[in-house]
């Protein structure tokens, strides 16, 4: 079997695998919602409630899309001689490992194991970030590993504090979430407050909340495009999942209001910073990365406005952003391949050179900034409504200003890149079938959720909201 | 008494880390610190009569005092780096900062956590100081190895903290965390080699091509 | 109690129907026009253009019939988006792209304000439905209503192109294809006026009287600034775009009068104000649509938008010239066409206001009157320039000389609109009663009576006299006189050869105005002499420009400020990993130190 | 029945006034000449001029379009229309209808001006363009004052003992001087290329078209003088005597205008703006006075 065909086969097997996974996930969700119970399996090692299901679903959707996109992407990279065939197979192995670590996080019951799984996602994806083995990518990978590890070490300290109060005050000498949760009413509020700060800063680093976000643009811009999609779409959300678990633990002792304030602080900081950086960005993938910072900020704000319907909105935003940003990164991958540069100043007339990807990117951009009829419009609006409903008028005002700033920056860059006259020397090129399929697959989610939220999904989010708020 | 001896030893070695100017010295100091951590765990195991703790302390010794320093020293040998750690903050000032950290840790333990048990709080203060100093090493040392060791020192501090206030983590989790640390070191080793190959140095303060 | 799912999906009251009619009146002829206008485009482009057009028109219809804030917002955004795509439909040109960008950024900023206001309302009403809102108004604290008013005003004013939020309008409207400019200028910006009437009057109203004064002030500023800029403009479509700013100002004068007098308890005047505003709104939609179509026809025939290069088009494109003249007469408020009627009613509203108001209000009305009078005069001057320079005299370029008349469908579109312009003038007697009905519905009182009698009688009278006397004079001249007509060169003071280069230019035409308004326009000139020797100048170039005050002294500094601030912020991320780790620690330490605050 | 007789009455009056219009110009010219110690032409000279023009052949530029031919007719008709319309207004008791008509009169003059300005541009000569530009310029600045003073008139009812009315009269006189192309804004008597405004615009016209335009400008003048006359002692003179005293008022206005013309020098174009702005501010003061009830 020739190398090229072998690579393709790998890719296709991957896709089939993820398709099965996705189907399983959806069926599981359906089943789960029907019974409505919390599942504890494997002698308490696994713990699945609505929140886990939600993140599982997000992960599997984006992973599936990335696996589709990978076929054509890797194929073209191998053809262009950027990746050796041997390395292409390594790519698929790492891809699977990465997905596995991310998929396992929401399923684990033990919080320390969750921590380890998240650390593993960093370590595995570091290879994918530094995949090209050039100076920039290795630099990015190094920063990625070190910064995220520092962050996550602080999170470990936070876990220990939780464990301390759990064992000391509640008498639960276990890090199993289900056990800890049952005793969480007796936690010492003083310790929980401190611990939650450690958790938020620690996992927040991984989630890309400003000002701990600095690894994010580097890693996203240097990773292979399908991986950038995964990083931005899922990885940072997975850390958010971990944060939410602790927030739920803290609910009974310090109340949700405390976590909400922290969320608002980080959220506002993130969107403010991201807005500014978006405005002066030159690198396409960094631009998208900062947009991820902005969006994680929005999710965080949504969670901050939690008691007023914000959790629902925030989680919806998380899902929508995962899907949309994956699309944008895939499109960016196509663009980078066409223009052989990440520099936006050299990209013009994308819609002429690559009609499908260009159009997808344009629409994706409008979806990303929250234009109807796309899905982020709904979630962004819900976050805003929650903000106003909660009486956070000033925060909402700042939010609107920063969103507008980010919008202006993105629009400026995107319209110049996508429209305009293409450089004379370049010829239009066809996108691969796999890329198109991935775009369409993601597009269905973007548009579909914008038009209507299916009842099961809605119920799932409502369940999550109740879980997180502790009702 | 024994505990006081172990803790003060741990603290002193941690301060020594701050004034190390050479990479190998730093690694060796880290090794000694790990030995103190081992002693602490051993002490806890003896006093608490917990069989699990003995396994844990064996692992600490094997991993932190033997394997990891060995791996790190192997790196220094292989990539032939200069010994100089590259200090962004000179040892004197570093010492002052380390003392400030110690004081802040004391404040943190007493004011924020309101620990009352003397033994418990002493260990906790030392552990938080170690975390801070580990962080400080990461921030103020240019070489990549300095950052790795900084992180490991932070982790040591956290292990100490876990032991001090929570009486050690559940057994399986400790094992898993060791595994994690091990994997981390191995992977980082790979990256240090890559950095060295591409940049011909491991000075992370010069890795600034990705900005803004 | 709180639900984002509205119960009241649609609200089709007379006001909404009125706007639906306006949309139809402009969109249908524009669509017919576009058949001819887009004839040479590729099939693909045609398909995209048409579908966007349909989406655009449909979204506008849905905005005005929306019965709750949520669907209003959704369709409002879709309307902006569709129009953005239409603006950048000529996407190869950097100009279109940047025009689109400015447009969408401004719109987005405006929409953000609208959103804020909507959600504040929602917060109190607990529902998005208009009915529920109206009930909830009484529960709102006064300063809240005022903030909501200001936010909504900024939002709608941005879309409507009210000065100083008009900055996008002269860029975006000219860049769109002409039939789209016609819809954008004719209808889209009116949707914002719909928003104002709907929210300020039917839902929030009657607010305090200062709202009305506020709107009137902006109306005065808009109509004057719009027309002054228009006078300076030589790009035909840009000129028309600035006139949209002006006419929005005039519409606001009507609406503002209503908002001013309603809370004062003088409802009949208020009703008259609404009536004037709405009438001018539909009129502006008609003649501005028509003018944009004509400019499209000219652009199609000559490829020109600069009127300095046109000239003499009346001979090669007689039909387009006639339609343009009708539009120009309409917009210059010349009797008996429609612009005259609505400006006339506006003046009458002012008059009624002066007679009934007390003290300061009276003076305010007088100022509005003066502003409107000045605007009218300047607008007429501007259209003398626009029509005279581009259509009359000799062609100033080869392209203008070789122009061909527009095709059938384009003419059809223009005919329909010119017909409407004439009908809405002469047939004012038939148009006024339904509009009065609407204003009665909005304000809840009958408008001042009496003057409408003249409104319905005078325009047909004037038209009749003009036609009869015109015909009589024509017949007399043709058959009743024995004198001859001799054709000869234009009087040239004895100069041996006059050609198009001797003609009066648009720049020259507007020079008196430029000097008179120099305090606002801040004109400057650039001259460049290329000399062979001290005595002989081989080439002399002369440029004159005006300073765009709002752009140069507000928007650009603002943009620069934001940009430079953002650029400075980049230094926060210099690539140093040590610094990044430090950030984490600082955040942690800071949060721990201030944990008690949270 | 009353409507019909009213219409006939108005048309009759309009006919008389139109007939008298050149005579008013004659009075002004004669007065000026007297004051210049010249004999000058007779009072009826303008009638002869117009008759002469009607019987002359026309020279028409090759460049012109139908606008050029339509303009004289439109201008003439509009002037006549304006004349008819102001006769529909009852001076002294302004109803909203009367006010509406008064406003409409200004719009009708706007129509005339618009076409004349277009005709000025039509031939493609620089003079015509210059004239059009200046005419539009001057008139647009005269307009605000005219509108405001019209409102003052409504409030004061033309009572000459009211401050507001006097101020308004002063202001509107200035505006009327501009509108009727009189010194110091324009000068009808000269054809010096660089200073003329109205005359530059009609430079290409000759023969019967010129005759119509001349006639129209006479009519326009009498319309404005009529409006001016409403500011003078309107309530003091009861309705029955009003028409008797009307010719005297017009004659007085004519003579005063002649005095003004003879005693002032023509202004530069941009000084004319100052002149009109001054008139506008006086009008504003008048309006404030009116709103205070003075």
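All chains are identified by letter, namely A, B, C and D, in their written order; residue positions are counted from 1 within each chain.
Keep in mind that, in the parts below, contacts are C-beta pairs under 8 Å (C-beta built on N, C-alpha and C of every residue); 3 or more make two chains touch, one makes a residue touch a chain.
Note that this is a predicted model, so its numbers are computed, not measured.
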{"item": "Most contacted chain pair (by C-beta pair count)", "value": "C-D"}
{"item": "Chain at maximum distance from subunit B, centres defined as averaged CA atoms", "value": "D"}
{"item": "Centroid distance [mean C-alpha coordinates] between subunit B and subunit A, Å", "value": "31"}
{"item": "Whole-Å gap between the CA centroids of subunit A and subunit C", "value": "44"}
{"item": "Euclidean distance of C-alpha centroids - subunit B vs subunit C, Å", "value": "69"}
{"item": "Inter-centroid spacing, subunit D versus subunit A (mean Cα positions, whole Å)", "value": "76"}
{"item": "Residues of subunit B engaged with two or more neighbouring chains", "value": "112, 135, 138, 147, 204, 207, 209-210, 212"}
{"item": "Subunit A, residues touching no fewer than two other chains", "value": "142-143, 146, 150, 194, 217, 277, 280"}
{"item": "Residue numbers of subunit C (touch at least two other chains)", "value": "570, 573, 577, 581, 592, 595"}
{"item": "Chain pairs in mutual contact under the definition given at the outset", "value": "A-B, A-C, B-C, C-D"}
{"item": "Touching residues on subunit C, where the partner in the complex is subunit D", "value": "311-312, 314-315, 321, 325, 329, 332-335, 340, 343-344, 347-348, 350-352, 354-355, 359, 362-363, 366-367, 369-374, 376-378, 380-381, 383-385, 387-389, 391-394, 448, 450-451, 453-455, 458, 462, 465-466, 469-470, 473-474, 477, 481, 483-493, 498, 500, 502-505, 508-513, 515-516"}
{"item": "Touch list for subunit C against partner subunit B, complex", "value": "570, 573-578, 581-582, 585, 592, 595"}
{"item": "Subunit B residues within the subunit C interface of the complex", "value": "88, 108, 112, 135, 138-140, 142, 147, 204-205, 207-212"}
{"item": "Subunit C-touching residues of subunit A, taken from the complex the two chains share", "value": "142-143, 146-147, 150-151, 154, 193-194, 197-198, 200-201, 205, 211-212, 214-215, 217, 258, 261-262, 265, 273, 275-277, 279-280, 309, 349, 351-352, 366, 371-373, 377, 381-382, 384-385, 387-389, 391, 393, 396-397, 400-401, 403-405, 407-408, 411-412, 415-416, 419-421"}
{"item": "Subunit D - residues contacting subunit C, complex", "value": "54-63, 65-67, 70, 72-74, 76-78, 80-81, 84-85, 95-97, 99-101, 103-104, 107-108, 110-111, 113-114, 117-118, 120-130, 132-134, 136-137, 139-144, 146-148, 151, 154-155, 193, 203-204, 207-208, 212, 269-270, 273, 280, 283-284, 287-288, 291"}
